[in-house]
Amino acid sequence: MNTVLDVRNLSVRFRSGGRLLSLVKDVSFSVSRGGCLGILGESGSGKSMTCKAVLGLLDDNFQAEGGVFFEGRQLLGENPETLRRLRGGRIGVVLQNPMSCFDPLYRIGEQMAETLGEHTSLGRRRIRERSAELLELMRIREPGEVLRKYPHQLSGGMLQRVMIGLALALRPSLIIADEPTTAIDSISRHSVMREFLRIKRTGETAILFISHDLGVLSCIADQVLVMRLGEAVESGPAGRIFDNARDAYTRRLIRRHKAVMSKFLAAVRQGPEAAA
Amino acid sequence: MKNYVIMRLLATIPLLLGISFLCFVFINLIPSDPAEVALRIRQTPVITEELIARTRAELGLDQPFLARYFHWLWDCLHFDLGVSYTNPARTVLGEIGRCLPATLELAGLSLVYVIALSLPIGFLSAVYKDSWFDRLMRGFVFAATAMPVYWVGLLLIWIVSIRLDLLPTSGYGGLSHLILPAFTVALSYISTYIRLIRNNMLENMREDYVLYAQARGLKRRAILVRHILKNSLQSCVTAIGMSIPQLIAGTIVVENVFAWPGVGRLCIASIFNRDYPVIQAYVLLVGVLFVFFNLAFDILQYAADPRLRERKA
Amino acid sequence: MLRQLFKNPMALLCMGVLLFTALLGILAPWAAPNDPYANDILNKFAGPSWQYPLGTDHLGRCVFSRMLFGIRPTLFLSLLTMLGTIGLGVIMGVAAGYFRGVVDEIIMRVVDVMLSFPSQIIILAVVALLGVDIRNVVVASIFIKWAWYARMIRTATIKYTGMNFVLFSRSVGSGNFYILTRHMLPCIAAELAVLASLDTGWAILNISTLSFLGLGVQAPVPEWGAMLNEAKNVMVSNPEQMIAPGVAVVALVGACNMLGDCLRDALDPRTARQ
């Protein structure tokens, strides 16, 4: 029972007028405990749609088919209340755009307490202590201070780490991270990735990591699924895909990435004068 | 916070000066000579040229325009708004004061209607978007914005008071006299705010923080009330605050339909009687109320939104 | 945007209603079956018949004919109001936005003061000052409404004067006025159209309301608001008198509002989905 999430032939369609638009076609993948599956694709490739379908966050205009098995239990068609209890509890979620993911009118502490209160029966003081612990775990200095802040008073990287801490709060068996490094600067990106790697090393959690950034994926994912226009075009161990992709589209993505990287590395090696 | 309040208070001073100046210019543009009017008010039997000249000096009308303005402003600040032209035994302040309570009753109950109806209806319309309820309410909003206020009043009198005989047709009295006129005043505002709250809620529902709240596993009801509603109200509060003086001004038509003895009816009667000081005082009153409520709700919104507090401090 | 508008059946319906009403108003002397002023005291409060399609009022005048003649003050005066408002608003707004500095400061402070009064109050004050007459109502409406347009057009002027094509035509040597009218007005025409069609509805309501209060169109001239005022007096005995003018006002104002909404949707598809 090592497989945490098993997605079988998932399809998502969008009802628009009288027609059905296919957004995700027949995608299958699985993640096991301690492993990390990276989903790679450009924007509009259906990555985020897949992750929303897994979480049961699609509204009535969407129609999802196939199988989404979380710890052996089919989630598609499960009643919303059960799904809600899973989200934030057994399944932790980290989203992109940390700056806009928190309600601007409430303090960070209030929003964390709200989440913890929803999934546990801890008292107010215990919740406060736990929130501070989580922030400390994310290497945020002066957690008590941060808890009293409003979202707009914190940086994107800081908020992203708060999100990761919150996702870890209830020792989930699965963390779904949707483009967690896209909207933040490169220094924060580094520290955010460090947290993810640490989570992975504990070996207790499965990670589903969605990104359009090959560099980020290459440092965390052991399995990679490449999506294009709603279809899985390639999947397999990360090493094989990066070195020896079978699909032309994947090869192009990798080549482009390598070209940028080598230019970047060359510039770094030769120093700023040569680059200019 | 304190700085902001002081800044806003200072900013209203030129606005208040502008409004009072406009009111002063207004009374100076009237076709008749104020000195002559004053003499007529005193029931002087024979008005001679010499007498008019003396009265001019006595009333300070021979002074330069700006001097007279500041003199008038000074009187206003001491609540001396002059006497009524049609009934010199009565001061303008007394007339307004006599009629104002009735208008405030009317506007007050309308405000209760506006809040009590538009909030839940707007909320439900957004939550159950495109349901039969939402469609019905959208139809209602559309109809209510196109209907002239006086016609609504007439229809209500006809249906509720004449056909069904449930409430009195018009006049001043207890709560039963107030129900129909207050609803008539409120109707167009109700529809405006249903639309405002609904659209604000729908806009907020598309925000990232809602998606993340769902992803954190919060209950739907908690997300709707604690997060979406609170964020939507943020921008509606100012609008509703601004509508309070509008409600007071909006009673003019309704007071005339329902024969309600408030300042609106006083104002219309004064227009027919050319009783300029009363009209001037009414315009001044509404203008000042407008500025005052604008200020109060700006500060309220400022106090409620952590982002604003931060930025302006 | 226009093409999108013509595809929208609702917008077409609204424009149809407005055009048809305008046409009826223009052709009123030929379309009306009776003289709107002719009394027929023996036939007062008559029901609908071939001779009087909508019956007669308290003086036995043909309601249908009065309705048709009533289009003229209601619709045409409100259009006139809008023309005046937009004209004044454009001049003031362009002046403020183009010359900036002192001119801008003075105009915008006046605008602030104008906007700090509820429009109804200003209109009443102006009518009180100038005397009870429908012409004064139009003047008063223009006097209060121009400030909104001036503010909007000022913003647009400031935005567009910095844009490349305006700078270009200036360097080519076209005159200031030419630049502004030629380039900027078409750019904001769409926004202007939305505001104007919503405000036409407002102007119709306004004129009929003031006429109802007896401050606008004076009896015996036929006008819908004034007709409703007369209907009010006989409400207990003949309530049917207030149906036709009321429904007509609602239909016309509704058409204007709906047209404004359709224009806005065509302009900004994002709001259309709501």
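Just so it is clear, A, B and C label the chains in written order, and each chain counts residues from 1 on its own.
As a convention for this text, a residue touches a chain if its C-beta (ideal position, glycine included) is under 8 Å from a C-beta of that chain, and two chains touch if they have at least 3 such contacts.
Note that the structure is a prediction, hence the values are computed from the model and not measured.
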Q | Overall pattern in which the protein chains touch one another (line/ring/star/complete/other) | A | line
Q: Report the chain closest to the protein's overall CA mean, measuring from each chain's own CA mean.
A: B
Q) Greatest Cα-centroid separation from chain B: which chain? A) A
Q: Tally the contacting C-beta pairs at the A-B interface and at the B-C interface, and name the larger one.
A: B-C
Q: Compute the distance, rounded to whole Å, between the mean C-alpha positions of chain A and chain C.
A: 55
Q. CA centre of chain A versus CA centre of chain B: separation in Å?
A. 52
Q.
Roughly how far is chain B from chain C, centre to centre by C-alpha average, rounded to an integer in Å?
A. 23
Q: Can you check the complex and tell me which residues of chain B touch chain A?
A: 207-209, 211-220, 222, 226-227, 230-231, 234, 305-307, 310
**Q.** Residues of chain B touching chain C in the complex
**A.** 14-15, 18-19, 22, 26, 29-30, 142-143, 145-151, 154-155, 157-158, 162, 198-199, 202-203, 245-246, 249-250, 252-253, 256-257, 267-268, 270-272, 274, 276, 279-280, 282-283, 286-287, 290-291, 294
Q. Which of the residues in chain A come into contact with chain B in the complex?
A. 55, 57, 80, 84-89, 93, 95, 97, 100-106, 114-115, 118-119, 150, 152-153, 163, 166
Q.
Could you list, by residue number, the parts of chain C that touch chain B in their complex?
A. 109-110, 112-113, 116-118, 120-122, 124-125, 127-129, 132, 201, 205, 208-209, 212-215, 225, 228, 231-232, 235-236, 239, 242, 246, 249-251, 253-254, 257-258, 271, 274
